[in-house]
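Shared chain: chain A. Partners: chain B in the first complex, chain C in the second.
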Partner chain A sequence: MLFKNLFLGTFILFSVLGCSGQKTSSKPTINIWHWMTDRDPAFQELAKKYEALTGVKVNFELYAPSDAYSQKIRAAAQGTNLPDIFGILGEKRDFASFIRAGHILDLTSYMEEDNSKWKNSFFAKALAVNEFSPQNSYGIESGIYGVPIDIMTIQMVYNKKLFSQLGLNPNRPPKTLKEFLAIGPKIQEAGLQGLVSGWGEVWMVDCLANNYAFNIMGKDKVLATIRGEVPYTDPDWIRVFTVFKEMKESGVLAQGLVTMINKSAEQLFANEKAVFAFNGSWCVNVYKGMNPDLEYGSMLPPAASDKYPMSIWGGAGSSFMVNARSKNKEEAVKFLAWLTGQDQQAYLAAETNNLPANKNSLSKIPEVLAQFARGMDYATHPNVWGVSEFSLVIEAFDRGIQSIIIGEKTPEQVAAEVQKVKERELAKRKAR
Partner chain B sequence: MKIKGALENYVFVLPAVTIFSIFYVIPFIWVFQLGLFEWDGISFTKVFVGLANFKEIFFQDREWWHSMWNAGYITLIALTFQNILAFMLAWACDREIKMKNFYRVIFFIPPVLSEVVVGMAWRFIINDIDGANIINRMLIGIGLPQLAHNWLSDPQTALTTVGIVHCWKGFGWGFLIFLAGLQTIPRELYEAARVDGASAWQSFKRITLPLMIPVMVLVAILTVLGTMQVFVLIVSLVGGEFAGHTSVPVLRILASMRGSSRFGYACAQGVTFGMVLIIISFIQYRFSKKGQ
Partner chain C sequence: MNQTIYYKSKKVLVNTLVHIFLISVAITCLYPLLWMISSSLKTQDMIFKDISLIPHQFRLENYVLAWKGGGFGRNFLNSIIYTVSVVFGIVIVSSMAAYAFSRLRFVGSKFLFVMFMAAMMIPIPGSFVALYVLLNKLHLRNTPIGYILCMINVGLSTSIFMLKTFFDKMPKELEDAARIDGCSKIGIWWHVALPLSKSVLAVVVVFNALAVWNEYILALIIFDNRSFMPLQVALQSFQGEFVTNYPLLMAGLTITALPIILIYLLMQKYIIKGVTQGAVVG
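Now for the complex of A and B:
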């Protein structure tokens, strides 16, 4: 009797478990990993809309901060456990490594369907960040490997109220470095802070220095330097380093700038303690949250030379890639096409104050955001240059500028040190 | 019978050995193995480079040894200032003073706080543009305005400031261990010394200090291991390596991994760093044995 009951019980249990296992859904679930805390509520809302529209469930998973996200993506790549859609934070060489390892789907054919309708909806510079040109130095087959979700430009912003207080025209920000430096003593006299930025996290120093490099010597010479054809001890590069020395000496830089984190810089600018800030277009949302009444405008970094135009960093702010190994890759591409459609992009821009990647969605954005958008005309980005500088050279370069700002080294010393690292890295590459 | 006894002993230590091997020995060997490759951390292919990464660390990477020097400097501050403070406070709380339990709780608050929180709070206290500037205000208040400056952005003071904040955060652990050690000293020894006419200083020198040596060695080893690995506090205080003035080994390892995508090199740095820590701990242990 006991054996019979046991057998019956086991049979019922297995039958129930078996039935539950057979419950399947015909529509797949698309999993997306991202790091964008500010955009998560809007993403969740769009996911609901997409499910209502198509029946396909989209699961946005937020992993913040970006450092932790970056590590998670790398770990998942090593274990081939990447989600259907993900983003890559890093330099173009990291992007290339992911493609080389077969983690990312080539989206060119999808983008070019229907007379390139999808491709043409984006700002060309936003797409360029995700593109590999023929015969690129990374050895990647040419194509488009990512979908830009929004765009960004990194520029300067100035406080209009403080400008008036300093006796300056709030509608005419400085256009030349000379004009900019002349404001330094006025800032000092008024007991205010000058330019604030997250220069403790060196990449923003690198960004402004490259803006000046393009302005002083032009793109070709900058790229020739990266290729190792022009030394960093060239007078033009010394001029780039000298710009930072002049800024420091004029008093136009805030105190403690070299150890400042961007959040502190944003607080100082939003609280009207600093006259200028060097920040990305994402700052519009940040300042709005910190001080909705802040009156400010955006401007290009004041030009140090009239030989070449001033360039700023810009392009795709954040992009999504499709996992080439995903069984849902077709559905994932369809979702990204929908997400970057005009209405969805306009919704994202309105909700998050980020610039839309779809150029048809720009019509209803605030004026200051439109100013940042206009900066796209001057935008460039290391990811579209086709060549990458050695990371140790970038490190020596950025640290060198920090040293110039704190008065520890001269521009000539920094140039010599950077060149030394460059030669060492070139020799190492040659030996390999 | 003898074999059975020996086997029984091995069975008892087997779980500990297994856990230690899985979580410590095998990863260490694995990391060492990765240190022999040139690898970007993403690709499935790795290029075997032998000991080239280690050779580069030892003979070319000046930044690495500079970061080791910086960590050593902070460790020196922690070993002296932090541990002396912890010992003095533990000694005071071991005696019959009013509200000693309250002090015990207060002293143990900093160690349980997150390093990010401590860094941000101290940044607010120290910094003179986005903070309360309390330190500088105090210096001006006591008639030392010439000392007031931006402590975190001055290369002369940035690392020392980080070291002092680290001590504030970490002295509670030492305090707790010292206090536990002091409470194990039999009170009769002090009473007998007092009967024999020993002064408080003599009791401290002849009873407390010798009996506390093993505890001091333990605290010293833990201080070295904890302080050499500091980095979160540095990031939250000064944003990073600050032109190399606040670079420490863990930040260098992170820079190799994330900045340069040189995972193999970062692993080699990790192994070198681990070996340095093991050697320091071993030397400290040998000294303490000799002292006893």
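Now for the complex of A and C:
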């Protein structure tokens, strides 16, 4: 009797739970999966506005953190259960694999309607991340496959109050590497921390090193190096490595920088213990939460050479793609066009402190955000270079810089080691 | 006389060292918990500025905001349903399977047992995409029943291993006596094996309840509908890519931790006994 009741109870429980998943609605609904926790309330608000305007219901579903979101998107792609609109987090090759599998709609024709009105409303560099050029190395048909929702740049920030304390002009951050290095001894004397950043998460070291590579040798030579036409032992590359040695020796870098995670770096800067930080434009929101009274400004990394302009990483911060198999794809495109309109972008920027992707929406954003946005003129990103460096070379490159900072290796040694890895990888590729 | 003083001093010294060690271990365990509670009562900027455990101002409203903002009501209920269903399923299936592996002789029993044990070695995230595809084919994706079945499957191997270890050591005479009294195989499992394995079952219950209560990645992957999500997924809404709302996250974590601490406290005496009887001896 007891067993009978037990199994009957289990059956009823499972049946009830199993049936509760079925819901039907006659209203047209656009489903969007996103990972942007900080933007969710603003998205929900915009969804309500859109429904009031058009009668089309937009359902933003938040799946955070981003790692889990990526797994969900991959799993959904396998089961062809992707929503109408989604994002892809990862490298351009991941993006390309989704397009190749037929999951992403080519938006070029929509972007180019009305004399490219929609396309021209974006920062060109923000769109470039979602664009595949003719004869790209991924084998994707040229076109625009994503819509940037916001943009980001990675630059330096400096604490204005600490600048005054060090006897420096808070409205004139260092423009050259020489000026920057001269601040090192003053920082040491005052017992402060210099430059903080998440260099424990090595990609940020890679980012600054690439900024200096573009500044010292220019874009063409950097890309030629990636293609294997210029060795890393070239004097220009040794100069790039030497920049980090000079920073270390001048005392302008914070203690423990090579193992520092970005959250710790942000905390040190927000608590006014560090004079400089190398961080992305998302930091505006982070610092606001940690210390609303923080007085700081953004600046380009100080130039090591006047031969080429300083370059920074930037482009689309977050982008949305339309599911090519969705029955609501036309509605989805219309919604994205509305979402990236001037007013909606200004609203998103004001609510979330992210830089708008629509270049016409910059007028009403805070000054520090505008400073970051102005950095878009100098922005580049590995995803738009059309060539990718081998992962093992990137790793050797970044670890090498860390070794230089901790005084383990010289720039020449690191250059030789990176070149060795590069030659090995090139030989492997040739053998394939 | 000198020898007595020597031994007494030695004992005091050893005791002091042992206590210092235990106190430091206890602090290591308790500090994160205290930090969590303390941070749940602070503002975002105070968490980064004020490192003391006692906040200058107690912001109890963080709990209300976390409950409302994270949509905890529905998710809390979901977590309770999932935890109860999964633990119930695991206890029934694993105890039956463990009893069968321990007492019944059938062809391929050893092979099957090895297969179950091998499943313990597979990292759970590695099977997510496969599980997703399987549930999709069975039309169980985005349904609570699909999630419950997956989680029962995840917890079976370890539970079977622990219970089988216990049943192997159980005196056969007890079963013989039950058989003489007219018990069937199921009857022996229910009337003899299960009551005797109470302490091991307590460990199985706590370990699995903890695993289900804290699980969120599988839920996030297989559910599209937010109303099916468990509590842990709601917690993630306070954690952004770059910005984390620490006061609400910590308040949410405190709310989330309470039921599991309660279960642990209620079953504490069985757990210690169970771990020593089942898991360690095996």
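The criterion applied here is as follows: the second predicted complex is superposed on the first by the 405 of 432 C-alpha atoms of A that agree within 3 Å, B and C clash if a C-alpha of one lies under 4 Å from a C-alpha of the other, contacts with A are read in each partner's own complex, and residues count from 1 in each chain.
We adopt the following convention: a residue touches a chain if its C-beta (ideal position, glycine included) is under 8 Å from a C-beta of that chain, and two chains touch if they have at least 3 such contacts.
The structure presented is a predicted model; accordingly, all values stated were derived computationally and were not measured.
Undergrad: Between chain B and chain C, whom does A:254 touch in the aligned arrangement: first, second, both, or neither?
TA: In the superposed model, A:254 contacts chain B only, not chain C.
Undergrad: Would you check which partner chain A:198 touches, where first means chain B only, second means chain C only, and both and neither mean what they say?
TA: The answer is first: A:198 touches chain B but not chain C.
Undergrad: Just checking: does A:402 make contact with chain B only, chain C only, both, or neither of them? Give me first, second, both or neither.
TA: In the superposition, A:402 contacts chain B only.
Undergrad: Report for A:190: first if it touches chain B alone, second if chain C alone, otherwise both or neither.
TA: Neither partner.
Undergrad: For A:427 in the superposed arrangement: first (chain B), second (chain C), both or neither?
TA: In the superposition, A:427 touches no partner, neither chain B nor chain C.
Undergrad: Tell me which partner A:267 touches in the superposition: chain B (first), chain C (second), both or neither.
TA: both
Undergrad: Contacts for A:124 in the overlay, against chain B (first) and chain C (second): which applies, first, second, both or neither?
TA: Neither partner.
Undergrad: Tell me the contact category for A:290 with respect to chain B and chain C: first, second, both or neither.
TA: It touches chain C, and chain B stays clear.
Undergrad: Once the two structures are fitted together, what part of chain A is touched by chain B and by chain C alike?
TA: Residues common to the chain A contacts of chain C and of chain B are 74, 78, 267, listed in rising order.
Undergrad: For chain B, which residues are in contact with chain A within the complex?
TA: Chain B reaches chain A through residues 40-44, 60, 123, 127-130, 150, 152-155, 158, 237-244, 255, 258-261.
Undergrad: For the complex, give me every residue of chain A touching chain C.
TA: 2-3, 6, 10, 13-14, 17-18, 20-21, 23, 31, 33, 35-38, 40, 61-66, 68-69, 71-72, 74-76, 78-79, 81, 83, 267, 270-271, 280, 282-283, 285-286, 289-292
Undergrad: Please output the residues of chain C touching chain A within their complex, sorted ascending.
TA: Contacts found on chain C: 44-45, 48-49, 81, 85, 88-89, 92, 125, 128-129, 132-133, 136, 140-145, 148, 186, 190, 216-217, 220-221, 224-226, 228, 236-243, 245.
Undergrad: Sort out for me which residues of chain A touch chain B in the complex.
TA: My answer: residues 67, 70, 74, 77-78, 90-91, 93-94, 97-98, 100-101, 103, 193, 198-202, 254-261, 264, 267-268, 273, 391-392, 394-395, 399-400, 402-403, 406, 408, 424.
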